[in-house]
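When the chains are written out, they are named A, B, C and D in that same order, and each has its own residue count from 1.
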Amino acid sequence: MNTTRRDLFKFVGGSVVGALFTPAPWRLITDSALWSENWPGIPRPARGEIRTKFTNCALCPAGCAVRARLVGDQPVALMGVSGHPLSHGTLCPFGLTAHHLPYLPTRLKQGPAKEAAEAVSAAIAKCGPSEQAAVLDLRPGRTASWTYRRAMASVKHGLYLAPPSPLGGSAAFDLQEAKTVLSFGAPLLDGWGTPGNVIAARENFRLIQAEPLESRTASLADLWLPIRPGSEEALAQAIANVLANREPVAPFAALTGLTEQQITSVAEELAHNGPALVLDGGQTPAAMELNRQLGSLGRTIVARRETPVPESWKKAAPVTNLASVPDGSIRVLLIDESAVDGYLSWSTIARKLVRDNPLVVTFAWSRQGYGRYAQFVLPTAVYPEVFDDIPPAIDSVAAAFRIAAPLVAPPAGMVNPSEFIAGLAGLPAADALRQRADAIHKAGRGTLFTYAGAKSAALRDVKPDNFWKALNEGGCWLDAVDEKRRELPILPDTEAPGATESSDEDLPLVAITCETRAAAAPLSPLMSKLYQESNLRLAANHAVLNPVTARACGVAEGARAILQTRCGSAQIEISLDSGVPPGVVKVAAGAGMIDLCGASTPAKVVAA
Amino acid sequence: MFPWNYGFHWGAASYIFLGAFYTVLAVVATTVIFAVFRSRRALAAHETEEIRWHSDFHDLPARDRVCRHVFTGEFKSRECPHAFDCRLCETHAKLIAAHPPQQSDETEEEIFGMSFPVDCLYHRGHAWARPEADGTVTVGLDELGSRLVGAPDAVDLPQPGAIVHANGTAFHIHKREADVRVLSPVDGEVVETGAPGRGWYLKVKPINGQMDMRHLLCGTEIKPWLMREMERLQLALSAEGAAPTLADGGVPVADIAQSYPEADWDAVCGEMFLEP
Amino acid sequence: MTSEKKPGKTARYGMTIDVDRCNGCGACMVACAVENNVPPAHEGATDRKGITWIRVFQVDNGEDYPNRRSAFVPVLCQQCGKDAPCVSVCPQQAVEVDPATGIVGQMPERCLGCRYCMVACPYHARYFNWWDPAWPAGMEKTLNPDVAPRMRGVVEKCNFCHGRWHAAKQLAAANGRAIEAVDYVPACVEACPTRAIQFGDLNRPESAPAQAAKNGASFRLLETIGTEPKIYYRSKKNWVRQISSAPKLGLGKESSRG
Amino acid sequence: MDKEFIARGVKRCSTPRFLLWIMPWLALLAFGAYSAGLCLVKGLNQTNMDNRFAFGLWIFLDLTVIALGAGAFFTGFLLYILKLKELSAVINSAVVIGLVCYSGAIAVLMVDVGQPLRAWFTFWYPNVHSMLTEVTFCISCYLTVLAIEYLPILLKNRKLRQVPSFLVFEYELHKLVYVLAGVGTFLSFFHQGSLGGLYGVLRGRPFAFREGFLVWPSTFFLFIVSAAAVGPSFILLTTWLVEKISRKRLARPEVLQLLGRISGLLLSVYVLAKTVDTLIWINRTSPDAGFPAAQYYAWKPFGTWILFAEIVLFGMIPALIMLTPRLRRRTGWLVSAAAMACLGVALNRFVLTVQTLALPTLAFDKFLSYWPSWQETGTFLAVVAYGVLVYSFSFRYLQLFPEERELKAEVQQEEEELPVMAGRY
């Protein structure tokens, strides 16, 4: 049989028609849609063994317990650990996305560690008699803090600085005990203390929030007292006077913008629905005085024991409050930004530096913090790469010890601040965490909580090696608390903040920063969901004004404007909200904005 | 919609909707396929010329499509339903039967100074046909047609042996911007063509026996028809912006085209030679 | 999509959200993005071009300072139980209701991005990929292996964490039983620090949403349009319960939040 | 230069002049093609549409253009099915307008979808309950029908006609144009309606939601009537415009008046139906959904004036003008009325697309604003330029107005007779 071209065509044609009656062509067309999902440019998630690891979040002092979901060795999700005695299974949005932090585009990849060390040594050598070389530890109480203190004790002119803190680090607020809480602008439900602990205790206390703006906390408070900006002390004084049956009340009430009636009823509530607790965003003595008056000390404000440290560490520099250092006295300043508790405005630090040529070295994950002002910025590991412990939070009645065990290895070129600073003094620092754990085990108090089985065990029953192992697997040691022997806390001497210049005629508005959390720690790119892709949180360089104020300033919704304060000016984008009190500019805190405004400052808005 | 698509659910609505859709598609496709099929058949059957004429006829203005019996006053107004092919027309047959065409008394109609011999039969497209003794038919351009093209720039005559169709193209004439076809009055095979010097004519032999020329104008019809043609010419000329000289009864000059250099001669010729 | 239709075994997954507990922290929004491989915003994205399968709105009582009171309302796909507006409008069946769970699912691989469903949805719970999905270098390593990232030009929305549901179903099958509502919770539920969001099967009277449905303080968004959402909100505050109804003039005027 | 392509006996401007005329349109088309290209290559982020304003200028354009293009089907229906022979004077022009409108709309739709490469999914996995499926199927079918209807017009070009197969095919196809007109009418009825249904079915948008008959909301029928009403108006308007631009008489005034009369008749039916529908919606449909209708019109700038403009100003008034023989006979009135009718329908489409999306649905929604980006506007303008170009070329080389030559002669005669008459008296 001869095969002609016609036969070939017939064969091919027949095959095509026949193929249409098989699933293949239809299936292929259908699947083309699935393939198009995987076009180049769209990343494909890596596959691998799914594992679970436990650690503790080092982003803030809350140190919430974390259950990480890993694919191979790569964490792909972080979640809280339910049943945890401190964090009660919660994780804030910052903690939930912390596994993205190692990949931040703004992250520092390398820094001049050697040059910095030489420069520091040289500068220390040049220190004058009244000048000092200081380490500013933004999260005191860590094992690293002890290393700094030990190093500073042996370095000439050495000084260990800690930021001002309301309770001085050795006392805690006991929310579980409180029945009525009066908060002067403390962000109680927005990242204050250990969020899980606050939420767990929230059912049991009545919350009165005195604050000029309706913050997240204010909107969920049982009572919001919309006071005038800067009148917290007046309100405290008025309440104190009501409680003590003293006059006057009316002039203070007038300052706050509240009625005497309102203040009296708050005072009565505090007095009759005890135990009461007065919280404070800053640290006004008036609030502490109220606590004293209400008998909160020893009941809702209690002393907390120090987490044990090895005896050999006791020869350490004392903790000096930054505020109490004389201005212009620090020649060398090393700032550990790798673990922070909030952002201090640069001006409070800068005024302590010597005028001529101070040396500032900062250990940071990016240049966005104090790196803007430092000669040397040394890159550090970022959580969840760090190997660090987390001191107990402000609402943790018991001492605690937990370690942020690294979930991923830090990249090469990172500088460990404690090794660097210990190196200055010639101290070994590598094993400090293990030594601390052994010291705790030696003390033998308290319990060890392990997450995998959500079990607690008395520390006495755990072997030292197992204790260390458990800590590295995200375990948490909690000190025993003697409920019967509530101790009176030893509170630091707080000085009244300098009287704010109240007659600022050229700066008619008050700028109040909010969202301070964002300024303190690195943000995952996914936080754009909160700051950019929704307006749930106020994005950096955005400001909210009352429409009346905006009209007076000549700015409109969406306009760009200049915010001016005593410390400088910045460009902001305006939005309007009649819920903001007239005369107030609500600005989103970024590091730059805190440098500009602090917590609150007289300000002016002019159209750009 | 097709088998093996996951997640596709059939329901009554699907049947109705897709049924309607495919019906529509089928109708559209059938229409197009049908048209293609018919075209192929027509092309194969060499019906192009016929179709061209039908298509042209359809595009003629209504006043140009009037029945020849309107000229003779038998109808007040009537549009030709057969594209000037009276051989198909029953009405024409009836009318002819009732009033057989009268031969004109004269041998030549003199209209506006143009001669129209009565021994010729005239096509509405200004071609004449004269049956010859040898059974062939001579086809030529009538006087008005000749004057319209005057001295043509070029003439394309068919080769002997070519087939012409009634209402199809007899030959092409180029004059100035005009490029017109002279429609053939009869069917047949070209046996001889005229030379340029002697006027252009075709000698056409009927393909099978007798030539049917019922559809051509003859006798007393010629004059009213020509009167109307002159009106048309005037209209065409005035539409093209030529001065209205004919209305005054003036005699068309031998080469009208030269008299109206500003007129769109293509349009005028198209109009007069029934080529829209 | 294989949907086992076992009589009596079908579930109606739903949620209850206690508005009085929500502090607007946004944990649900980021946990959702982490779980479902939603990329971070392109620099040009705004709150109207972003992708937030669950979005917390700040709502208020419409008063001015100092009488302003705010609340936070997480809005996600309301998983309409009847006549879901997005299902019938999709021209190519990219939106489907799973009869086994009642979850309104979006198939991004079948979506051609006509956005008709977004127009149809009164809850604005559907999001379009205006940009190619992009993660900072290295961050693509943190993607959830259970969920495929979507391409540019398709619509996506909350599906009650289909990846988790699927994993739970497989686990249940491995244990020789059918999946139940208690076998998994969506990421937002797990992440909510205040436990404001609870998840369950509305067909089980003891589940949190079923209980919430009976609660007098409960409401659903736009109940009057008859879509029978399966997300129940709850608040003791009268003005908060007003948000269930149609917009009223004056509410939220001159306000840029929410 | 291109004389041999221009139909015999009609006067067209010189080739350079024609080039001068199309140059700006070509430039606009190029700009629009660049805009559309940006949207295709970089994605829809080039537009100002967003998750809340998911449809924008383009959908408005599609709805309006398709309504205006309804003249093609409706004229075809009147001419071939109802045998209104007078309309053969404008049918070719109507087909070209229809083709331009529909192909432009489909081109924009292809840019409008996020994944144009998946456009065939609608045919592959059709959800027959979706109005958009109906629209997609019908529009693509009808575009095919229009293209087939356009073929004879194209093949009738003087030069193309010389090719025997074109000539024959044109002839044979033209004989079957009744079938196509019928199919086109069927398809058009459905997609004009389903375009209306597109918004009418949106239960979640009580501003647009309407009750209806079986599966079709009332907007389904309103769109059919309004499109049928405005189609002839648009043909009237374009014919008049082309007459003005080309300075020629193209159709007899009686034809335009007939178009006006048809338009007016249908417009009055539409206005009546729209009024009844609006009353039902205000008093029943919308309140039943929990949305008091007054609320919609409290958001500036969309006050009740928009209802007035839609129904009375651009509905009732043009209808009355076109139904009054005395006014209809005056070109100025007739053309103004046709323009108003077109505007009214455009406004109706605008209200349905843009206002629907601007209005809040949730209690905490804001009233949204939207302004198209230059890329969107460019694509929009490209469709306009494309339409003008296709029409210009068609007008130059094809016989859009079969009566043009006759009218030319008549005009000449009138002009000649006038001085004579003046001399007599």
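Keep this in mind: a residue touches a chain if its C-beta (ideal position, glycine included) is under 8 Å from a C-beta of that chain, and two chains touch if they have at least 3 such contacts.
The structure displayed is predicted, hence computed values, not measured ones.
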item	value
Most widely separated chain from chain A, with each centre as the mean of CA atoms	B
Identity of the most central chain, Cα criterion	C
Pair joined by the larger number of C-beta contacts - C-D, B-D	C-D
Centroid spacing, where centroids are CA-atom means, of chain B and chain D in whole angstrom	39
Whole-Å separation of chain centres (CA-atom averages), chain A against chain B	96
Centre-to-centre distance between chain C and chain B (centres being mean Cα positions), rounded to whole Å	75
Residue list for chain C, restricted to those that touch at least two other chains	46, 49-50, 57, 60, 93, 110, 132, 151, 255, 258
Where chain D touches two or more other chains, by residue	115, 118, 121, 124-126, 129, 133
Residue list for chain A, restricted to those that touch at least two other chains	30, 33, 36
Complex contact set, residues of chain C against chain A	20-21, 23-27, 29-31, 33-35, 37-38, 40-41, 45-47, 49-52, 55-58, 60, 63-66, 68-72, 108-110, 132-133, 135-151, 187, 190-191, 193-195, 253-258
Complex interface listing, chain A residues touching chain C	33-34, 36-39, 41-48, 50, 71, 74-80, 90-93, 96-97, 99-100, 102-105, 189-191, 195-196, 199, 214, 216-217, 219-220, 224, 226, 257, 524-530, 532-537, 544, 546-547, 557, 575-582
In the complex with chain B, residue positions of chain D that touch it	3, 8-11, 123-126, 128-129, 133-134, 137, 141, 144-145, 148, 161, 164-165, 167-173, 175-176, 179-180, 183, 186-187, 399, 402, 405-406, 408-409, 412-413, 416
Complex contact set, residues of chain D against chain C	43-45, 49-55, 112-116, 118-119, 121-122, 124-127, 129-133, 136, 198, 201-206, 209, 288-292, 295, 298, 356-357, 360-366, 368
Interfacial residue positions of chain B with respect to chain D in the complex	1-2, 5, 7-8, 11, 13-14, 16-18, 21, 24-25, 27-28, 31-32, 34-36, 38-39, 42-43, 47-48, 51-52, 54-55, 59, 61, 63, 177, 235-236, 238-239, 241, 244, 264, 266-267, 270-271, 275-276
